[in-house]
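I have a structure I would like to understand better, so I am pasting it below and will then ask my questions one at a time.
As written, the chains take the letters A, B, C, D, E, F, G and H, and residue 1 is the first residue of each chain.
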Amino acid sequence: MSKVAVIMGSTSDLPIMQEAIDILKGFDIEVEVDIVSAHRTPEKMFEFGKTAHEKGISVIIAGAGGAAHLPGMVASLSPLPVIGVPVKSRNSINGWDSVLSILQMPGGVPVATVALDGAKNAGILAAQIIGSSDKCVLDKILVYKQGLKEKVIKGAEEVKS
Amino acid sequence: MSKVAVIMGSTSDLPIMQEAIDILKGFDIEVEVDIVSAHRTPEKMFEFGKTAHEKGISVIIAGAGGAAHLPGMVASLSPLPVIGVPVKSRNSINGWDSVLSILQMPGGVPVATVALDGAKNAGILAAQIIGSSDKCVLDKILVYKQGLKEKVIKGAEEVKS
Amino acid sequence: MSKVAVIMGSTSDLPIMQEAIDILKGFDIEVEVDIVSAHRTPEKMFEFGKTAHEKGISVIIAGAGGAAHLPGMVASLSPLPVIGVPVKSRNSINGWDSVLSILQMPGGVPVATVALDGAKNAGILAAQIIGSSDKCVLDKILVYKQGLKEKVIKGAEEVKS
Amino acid sequence: MSKVAVIMGSTSDLPIMQEAIDILKGFDIEVEVDIVSAHRTPEKMFEFGKTAHEKGISVIIAGAGGAAHLPGMVASLSPLPVIGVPVKSRNSINGWDSVLSILQMPGGVPVATVALDGAKNAGILAAQIIGSSDKCVLDKILVYKQGLKEKVIKGAEEVKS
Amino acid sequence: MSKVAVIMGSTSDLPIMQEAIDILKGFDIEVEVDIVSAHRTPEKMFEFGKTAHEKGISVIIAGAGGAAHLPGMVASLSPLPVIGVPVKSRNSINGWDSVLSILQMPGGVPVATVALDGAKNAGILAAQIIGSSDKCVLDKILVYKQGLKEKVIKGAEEVKS
Amino acid sequence: MSKVAVIMGSTSDLPIMQEAIDILKGFDIEVEVDIVSAHRTPEKMFEFGKTAHEKGISVIIAGAGGAAHLPGMVASLSPLPVIGVPVKSRNSINGWDSVLSILQMPGGVPVATVALDGAKNAGILAAQIIGSSDKCVLDKILVYKQGLKEKVIKGAEEVKS
Amino acid sequence: MSKVAVIMGSTSDLPIMQEAIDILKGFDIEVEVDIVSAHRTPEKMFEFGKTAHEKGISVIIAGAGGAAHLPGMVASLSPLPVIGVPVKSRNSINGWDSVLSILQMPGGVPVATVALDGAKNAGILAAQIIGSSDKCVLDKILVYKQGLKEKVIKGAEEVKS
Amino acid sequence: MSKVAVIMGSTSDLPIMQEAIDILKGFDIEVEVDIVSAHRTPEKMFEFGKTAHEKGISVIIAGAGGAAHLPGMVASLSPLPVIGVPVKSRNSINGWDSVLSILQMPGGVPVATVALDGAKNAGILAAQIIGSSDKCVLDKILVYKQGLKEKVIKGAEEVKS
């Protein structure tokens, strides 16, 4: 069965990244969580990136702030699809730093970037990637999207009444 | 077998988007190309988005410029993973418009955004998504990454000599 | 008689969008309010956009945040003038995302964009659009502008005294 | 019959603004063109703004670059809907100056802002404003939108063949 | 004797603009304060701008936020030097709107722009302008600059001790 | 009689700064031109800044690009009004660097900043500063402004005919 | 023995700059702290910059906010390596002003710029510069980096347990 | 004797990075040049970063464009001072991507960032770092700075004559 790794540069990113973990668990997808810092534990990152596809992991979600190198470096090391979550760190210049250092990868090494602090969407995207070859997960995505719709319809009724 | 749809808002986006088509063909992945404009052919976009997952498509790549709504709208309509390519259009404000209108999707509806004009990376990412459940494609990704490496090594030798 | 539709992507946009509703009611213009999400209820948006001009609506005001596609998509579907209100959402990059994804529409499909969180001005603009063919509303606009002037004059007197 | 005024700060803005004039003529809407500079002919601007609604004008389109005050000042003087076209001038900081000085109007005085150099969309928006109370013009808008669609469909066929 | 006019678009700008008034009074320069809104009292602004140089005013300081047209419009109307203070208003996009709509004036009509919320510096600059032809005020500027220096020297001593 | 110093960081800034020199000569104001680099000739800058007001100079215009420190440093050294011209240098980040490093001066040391590459306006502003205490120069400014107006009126006639 | 000077434009920068002082003391490197304002004490800055290399100082760390000229001006005056710390000041435009006015130095006069409010990194960089010729300090850097690693490893264990 | 390594992510960066090589050679400092790509040759980068300080290298200059991870990753791996040169790549968003992904490093791992395309300054900074403990190189820096000064003085004479 497919497994998603959710890694982040620092425990301080966990409150944001937890949203990815929660949504994946809601889809009954196995999640492996770890702290892997590109700048402080480069050897661990190397080991992680080089071997992830041999350990049953299908998709990697990597969150980082500031000059956020973790998603791109893991994408450099792994053949798996890597989803990058730009986290708005304490001394960030409005999030531009993490957005651009994750998004603007050179030709050859893509990172699937989601919105600033968009860990929830990273989780959904990982599920969609698994769902693209797993009918059961695809159906759960369809149900999830139906749920989004119903919540809006209900909100609309309240506004009108 | 897996198929990737490459759609774009206008024929003027084709020179950029061709890079995605070419790289996918290089991985022997079937590609379906179409012009689908969110703003000028909304009905066609609707039809495309609602049915893509029923027609053997595994991943959708959508490129658009300016206020680029195509990737996000298709992501709204389809349960498949959608990769967005921000294209720098003629009157773009340095590409910020297409980058932000593709990247900053609300919670619930992710778009896997790549770099500005990064169609090549969109193609590789689509291959990686297929590769995450297809050992044969995964191996091709590993070979591709090896090729990137060798090209740099060779360039380094030339610089040193 | 003319009617203005005020729609928004989420109930969380209502506190901002209420200013448009209030100012229109102040001009005795009929208002129809609804929650229509481009990304979560695309079918409802389609239905709304395709039929608005057949239901007595003259002007559409649409507010949305982040990658804000609602105003542009409704403009794509309807022949009516659409006024877009960029709403500064929770994880917005300073509002740039909603501003650019509403403003930078491609040739052929305009959205009349107002300032960030500028719902009040959206309401006034809708009234001016109606007033451009309705002498009675035009006169109310003239009275409203006179009121703005008097408030400043009074403030100036207080500062000087 | 309705008439649209197309004004601009300098003859150097004419190549951009001509697109508004052309599209309006295509809709058989009467156009009045003038050069009115907020900073060099403030008296003329005052006269124009104060009297436009008394001279058969229904909508004003104003284009300007840099610190672009013409659209906002005319909106301050006239009760009519004013459409602002940010023009990218010679020493512009990427167009941000004209976009922000037209868009970010204070509460009470809206300007309907279109995309950078988006004069064509300004013309269409003016037609839509007239069409909101003129069935004949509304029908022309519907036909125009149909034309946009057909052009894309035809482009799609060429790409596929 | 020289007099400086300090005008602003709204009473809400007064807390910022007060710093200009205070510093000028500290230099014993006569100050005239008024609320003049470009967008809500255009006639008053016209009258003010056209006549200021005939009423004993030597320098005009104008503060405004958002799409800040007051400094530039007054500069258009008056032959006097106009100092513009970009005020960061409530829905400002980080102050960029007021900075750019005051700074980026077209050739022919300068505004002497100071830093965001820099009313104090506007006051000092007005004094320097007067001082450029008034030896007595120039000497006060020299004394003021000496005071700035001494304050830093004293701070340095405290840090070192 | 009043004299204006026009200084710049490099001879490469001369093509831009020449516009300030020309307009001042057009007003019959004496101009003194020099190359003074904050970063390469700090001693010369110091000497210049400390003594300018003792050498018959009334206003200083300083142009510089990139991390543009010349205007602010001269303002730190001289009691005279200093006008800063942000020059867009070769590796500039769209001019933002020179604009911000000239504009955003701390409290106590203002620089009268004009538009990017706005040397012509710097010259006019210097003339207005002299004109604020010199009736003869003030009259020339009035004539100059009349000329701007007439040029627009003539342009308008050509557009209409 | 090597000594590092830590200077800043204002005592208000001390809370940020203290991080540089603390980290250097942790490496047993001698630190000299002073308040030196480019704009308010230019003579002191001159004296400091011209003589620092003759007083046993090896590296200069300079912090400043807004139009931050201190690091660049000291770099202009001293042959020593100068590390610039962009400090986010009260009326800063999101830190862009201090970042750009420190980073974008012209050819010939470099400033080693660190992240916004990155005084801690400035201290580490100064230690690395000393360590590049001092084996003892280099070893301390290696130990420090080992400490960073261990802290992440420990955090990872807590997240997993 | 001290040696400087100049590395870059791609041979396409060489035209920019050559300026660093040339200036170092002008200071008679030994230079080692290599192509090391963070994203395409991560193992080579690892090897380089981990061992540089054991191979007689004193300072590392690393240039890269887009999401530029090379400088920061090498700084993560090496105890030596790392100078980062943001290179403006083909699809860069005006250089912001490389500037921010090099500059905004997290606490613990500094990169000494220079201006966009500022390879020349990177070379000078490396020389200054060596000069901070090598009197002979320091003297060369002093001579170099004298040369900068003389060139400006000569330019000033030409402008005046």
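Please note the rule applied: contacts are C-beta pairs under 8 Å (C-beta built on N, C-alpha and C of every residue); 3 or more make two chains touch, one makes a residue touch a chain.
Which chain is which protein? Per UniProt: A, B, C, D, E, F, G, H = N5-carboxyaminoimidazole ribonucleotide mutase.
Because the structure is a prediction, the values reported are computed rather than measured.
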item: Touching both chain C and chain D (chains); value: B, E
item: Joint neighbours of chain G and chain F, given as chain labels; value: E, H
item: Whole-Å separation of chain centres (CA-atom averages), chain A against chain G; value: 35
item: Whole-Å gap between the CA centroids of chain B and chain F; value: 49
item: Chain centre separation in whole Å, for chain B relative to chain A (CA means); value: 18
item: Where chain B touches two or more other chains at once, by residue number; value: 10, 39-40, 66-67, 91, 93-94, 96, 99, 103-106, 108-109, 111, 115-116, 118, 145, 148
item: Pairwise chain contacts, counting only pairs that touch as defined; value: A-B, A-C, A-G, A-H, B-C, B-D, B-H, C-D, C-E, D-E, D-F, E-F, E-G, F-G, F-H, G-H
item: Touching residues on chain H, where the partner in the complex is chain F; value: 88, 94-96, 99, 115-118, 145, 148-149, 151-153, 155-156, 158-160
item: Contact footprint of chain G on chain H as seen in their complex; value: 2, 53, 58-59, 79-81, 83, 99, 103-116, 118, 120-122, 124-125, 128-134, 138, 141-142, 144-145, 148
item: Chain G residues within the chain E interface of the complex; value: 10-11, 14, 33-37, 40-41, 44, 66-67, 91, 93-94
item: Touching residues (chain side chain F, partner chain G) in the complex; value: 9-10, 38-40, 42, 46, 49, 65-69, 72-73, 75-77, 89, 91-93, 96-97, 100-106, 108-109, 111
